[in-house]
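In order of appearance the chains are A, B, C and D, and numbering begins at 1 in each one.
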Amino acid sequence: MISLQHVTKIYKNSVVALDDVSVEIEKGEFVFIVGASGSGKSTFIRLLLKEEEATKGDIYVAGKNLAKLTPWKVPYLRRNIGTVFQDFKLLQDKTVFDNVGFALEVIGKPKHVIDQRVPEILELVGLGDKINNSPDELSGGEQQRVSIARACVNRPLLLLADEPTGNLDPTTSVDIMRLLDRVNRIGTTVVMATHDQAIVDAMRRRVIELDAGKVIRDQSRGVYS
Amino acid sequence: MISLQHVTKIYKNSVVALDDVSVEIEKGEFVFIVGASGSGKSTFIRLLLKEEEATKGDIYVAGKNLAKLTPWKVPYLRRNIGTVFQDFKLLQDKTVFDNVGFALEVIGKPKHVIDQRVPEILELVGLGDKINNSPDELSGGEQQRVSIARACVNRPLLLLADEPTGNLDPTTSVDIMRLLDRVNRIGTTVVMATHDQAIVDAMRRRVIELDAGKVIRDQSRGVYS
Amino acid sequence: MFRRFEYYLREVTSGLRRNGLVAFAAVSTTFIALLLFGLALLISRQVNLMIEATTGNVEVAVYLSDPVNPQTVEALTQKLASLPAVANVTYESKAEACAKFKQEFANQPGLVQGVSCDPKDNPLPASLRVKLAHPEEYSQVAAVLGCRSDGTCAQPGVDKIYDFRGLLDRLFAVTRVFRVGVLLVALVMLIAAAILIANTVRMGLFARRKEIGIMKLVGATNWRIRIPFLIEGLFESLIGASLAVLFLFGLKVAFINPLYGKIQFVPWVTNSDVVAVIPWLVVAGALVALIAGFAGMRRFLDV
Amino acid sequence: MFRRFEYYLREVTSGLRRNGLVAFAAVSTTFIALLLFGLALLISRQVNLMIEATTGNVEVAVYLSDPVNPQTVEALTQKLASLPAVANVTYESKAEACAKFKQEFANQPGLVQGVSCDPKDNPLPASLRVKLAHPEEYSQVAAVLGCRSDGTCAQPGVDKIYDFRGLLDRLFAVTRVFRVGVLLVALVMLIAAAILIANTVRMGLFARRKEIGIMKLVGATNWRIRIPFLIEGLFESLIGASLAVLFLFGLKVAFINPLYGKIQFVPWVTNSDVVAVIPWLVVAGALVALIAGFAGMRRFLDV
C-alpha cells in the first residue's frame, strides 16, 4: 500500500524534517507514528498526500510513484485517501454537512447518497445535532470530529490521521479510536500520528517512532515508548 | 481574582454553552477545567477574556465587572492576562520572535527588554532555533509552544491556557507543565482547560469539571475523573 | 450533467451570499470601470457627431468668370460631381448671389445700397457650391480645377475658388486632435477597467486562498474548484455591466434628453448609440473577469 | 515617542512587503482612480481654455449713422467702455471699414469693384468695435444703446448694432453644455475614484481581519492596530497619487506638447495646469483612503 524508500525531506529553510526514512506499510495495516513534537510526523503524512514533495527518495502510495504523478492526477490519488489534518482544515463558509459532503461530492456521488451517508457518519462521531452549524461555531474537539467524519465518509482505501484525538477528552477519544478500528477492520489502511500514550498502549498495533526525522523504532504490537 | 456568579452563556444559535456557573478563583490558584468535548471549557475561558459576553450573570476579573467594562478599557484588561488559545491564534505574517514580542510591544516595553526576554522564553519552550521562522513553517506542537511563550512572556497576573498540551507529546507536555507551575509559583493565577488525564492526575491541583455547561465537580487537589 | 450544474449553481450562489464584501467590491468595481469605459465611448460618439455636423457643412465655392456659359456650368458640375470627395454640386446664379448678399448684409444699409442687383451691373459672381462628402479631402476640388494657392485657377470659365485651405486645415487639425483625444481616453478607460476588474478578482481569490487549498487537499480537481469561481466572477461582472448600462441610460435621459429641445442645431447621442455600447461593455467585463480569474487562480491552485 | 514611531514604521513597511498582492491592488487602484480624476480635471481645463479662446474673440459692432460726429463717437465710446461687460472699445472709420471690406472680399473682384472707397460715396458705415470682457453679458451693450431686437437703436448717432444675439445664444448654449458636461464627468470620476479606493482598502482589511482579531485578543488598543493600517493606506494612496501625477505629465508631454507647434491658434493646457491638479489628487486620495480605512476598520475592530 505504502512504501517509502530512503526518503528525505528538507524544507526550504533547510530544516531536515525526515532523514533517510524507509518504511513499508501493507494494505489493511494499522500504524501509529509517534515521536516528540517536531520529529516529522506531520511531514510523513503530508508526503503521502503529496501536499509536500520528498527532497530525496521514492514514495509509492497505492502502487503509484508520487514523484512521477502528474499534477492533474493528484486529485484522483487524494480521493482514495481520507485525511484528518492536525489543524482540521475545514471550509469556514460551508456548514458541517457541506464540509463532510464535499468529500463525497468531489468523487461524484449522487445527492441521495450524500444525504444519507453524511448524517450517518456525523451521528457516529457525536455531532448529529451540529449538522447545520458552521465550523467557527464548534468547539475545538467538535471541529476535529468533523475532520474525522470527512476523512472516513467516502470509505477510502487509506486513512491518514494527524493527531485525531489531540483536542478530545479521553472518553470521546476512545469512541473515535473505535471508529478508526472499525474502518480498519473493513480493509482500510490507517496511518495515525499521535502523542496519546494511553491510546497507543491500549491498541497494541504497529508503532513507528520518529526522532528528529529518523525512524528509531518500528515495532508491531508496540507501545508508546 | 476571578468570580463568576450564575453565569449563563447562550450562543446565537441557542446553544447553551455554560449554564448557571458560579465559580470563585483566588489569586495565585492553579485550576484545571476538565470535561468532555463541547462541555464549555473554551467558552469559560473566552468569557474571562471578554472575547465573548455572558448572556446572564456577572463576571469579575481582577476586580472588574466585565459586563460594565467600556470597550476601550478591554485591551488594558487583556494585557494583564496571558492566553494560550486552543487554535494558537498566531499572526501568520510575523516571525515567531515578533509574535511573542508583540505581547510586550503592546504593553509598551522598550526594545532592549523585548530583545532580551523573547529569546529567553522561546529557549524555555524549546524553540530557541526557530526564532525567525514564520508560524506556517512550524509543526503543530511548535505553534502551540509559541502560543504558550506569548502568553507567559509579559508575566501576566492571570494565565488562561486552553489545552496547552493538546498537540504535544508526553515529554514536552511535562516540560510545559513545569513552566506553568513555575509561572504559578511566582504568583500568577493559572486557569487551564485540558483533557490530559495524566497531567491532571500528576499535578493534583484544583479541578473544576464541566458537563454540558454545568459545573458537576469542584475539587481541590483533584484528579481527572 | 444536471447534478454537476446544480452543484456549480449552489457553489456560486452561496459564494456570493457568504462573501458579501468581496462580491460587493467586485460588482461595484466592475460597474464603475465599465461605466467609465461606456461613458468614454459615448463621449467619443458625441464628439464625432459634433465633428461630422461641423465639417458636414463645409462647402467649397467655385466662382465662375463673367459671362457665365450654361454649357461650362454643366461640364464643370459633372466634373466636380464625379470626384469621390464631393457629395453634390449646386449652381448659384449672379442674381441669387446678389439676393444672398443683400440679406446677409441687411444691417449695413450703406453697403447694400451701394450694390445693384440689376443683371447689367450686378457685381457678384455666379458660383458652384460644392458640398463635400469627405471634407478632409477638400484639396481634390482645387486640384481638378488646376487652382493655385492664391485661388486663381487654370480651368477655363473658373475665375477663382474661395481660399478655404487655411480655415479647413485649422478645423481638421482640431477635430483630429479631438477624435484622437477621446479615443485615447476611451482606451485608457478600457485598460483601467481591465486592471481594476482584474485586481478585484485577484483580491477575491486571495481572500479565499485557504479555501482553495483545502479543496485541493480533499481531492477536488482544478476544474471543479475553478468553475464556480469563474462563474461567480462572470456573474458579478455581468451584474456590474448591467448596472453600468442602466446608469448610462440614466445619465443620457437626465443630461442629454433636455438638450434635444434646447440645442437643436447640435446632434446629440441617441438611445441607439447607448444600445450600441452595451455589447462592448458586456464583452469587456466578461473577458477581463474570466482572464483575471483564470490567471489569478493559477497561483492559488499550485498547492 | 520615537520608539512608537519606529514601531509604526516597521509595521507599515512589513505590512507592505508581506501583503504584496493587496498592496499592489491598493496602489494600482488608487493610481488609476486618481489618474482618471486628474484626466477629467485636465480635460475640463482644456475645454474651458478653448471656450474662453472662442468666446474671447466675440466682438459687438455698433454701426454709426452718417455723418459721424467725433463728439458722439467720444461720448459713445466712454458710455460703452464704462459697462462692466466691456473690455475695450475701438473706433473703425468709414475708410478703415472700406479697406477691410476690400481685403476681405478680394476674391470676389466684381464686388470689390462695385464699392468705392472715395469718402464721398463710401457705402460702408463707421463703427465702434466693442470687445467684451464677459461675453455672456453681451446684452448689456444692446440695452445701454436702447437697441431693439431688429437691430435698430434709440441712441442718437447709432444706426444699428449687429444682430449677433442668435449666434451668441447658440454659442453659449453649447459652451455651457460642454462646461457642465466636463465638470459632471470630473465629478463622476471623483465619486468613482472614492468608491474604488474605498473598496480596495476594505478588501485589504477583510483579507487581514484575522490578524486584527488576534491583535485585539493580545491586548492591543484600537489605535495601536488602526494607525499602521491607516498609515499603510495613506502611503499606498500617496504612491498611487504620485504615479497618477507622473502619468498625467507623461500624457501631456506625449500628446499635448506636439500640438503646441502644430495647432497654435488653440490654447492648450500647460505644465502649470497639470501642477494645479496635483493637490486635488493628493487630497482626494489621502482623504478617501483615511475615511475608508477608518470606516472599514470599525467592522473588524468589533471583536
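As a convention for this text, a contact is a pair of C-beta atoms (placed from the backbone, for glycine too) under 8 Å apart; a residue touches a chain by one contact, two chains touch by 3 or more.
Remember, it's a predicted structure, so these values are computed and weren't measured experimentally.
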Per Cα centroids, the chain farthest from chain A: D
Distance from the mean Cα position of chain D to that of chain A, given in whole angstrom: 68
Geometric centre distance via CA averages, chain D-chain B, whole Å: 63
Chain A-chain B separation of Cα centroids, rounded to whole Å: 28
Chain contact graph, described as a line, ring, star, complete graph or other shape: ring
Touching pairs among all chains present in the structure: A-B, A-C, B-D, C-D
Partner chain C, residues of chain D touching it in the complex: 21-22, 24-25, 28-29, 32, 35-36, 39, 43, 63, 66, 101, 107-116, 121-125, 151, 159-160, 162-163, 170, 173-174, 177, 180-181, 184-185, 188-189, 192, 195-196, 199-200, 202-204, 206-207, 255, 259, 262-263, 265-266
Interface residues, chain B side, partner chain A - complex: 11, 13, 15, 34-38, 41-43, 86-87, 126, 133, 137-142, 144-145, 162-163, 166-173, 195, 197-198, 224
Chain A to chain C touching residues, read off their complex: 49, 51, 72, 74-79, 81, 83, 85, 89-94, 102-103, 105-107, 110-111, 150
Contact footprint of chain B on chain D as seen in their complex: 3, 7, 14-15, 18-19, 210-211, 213-222, 224, 303
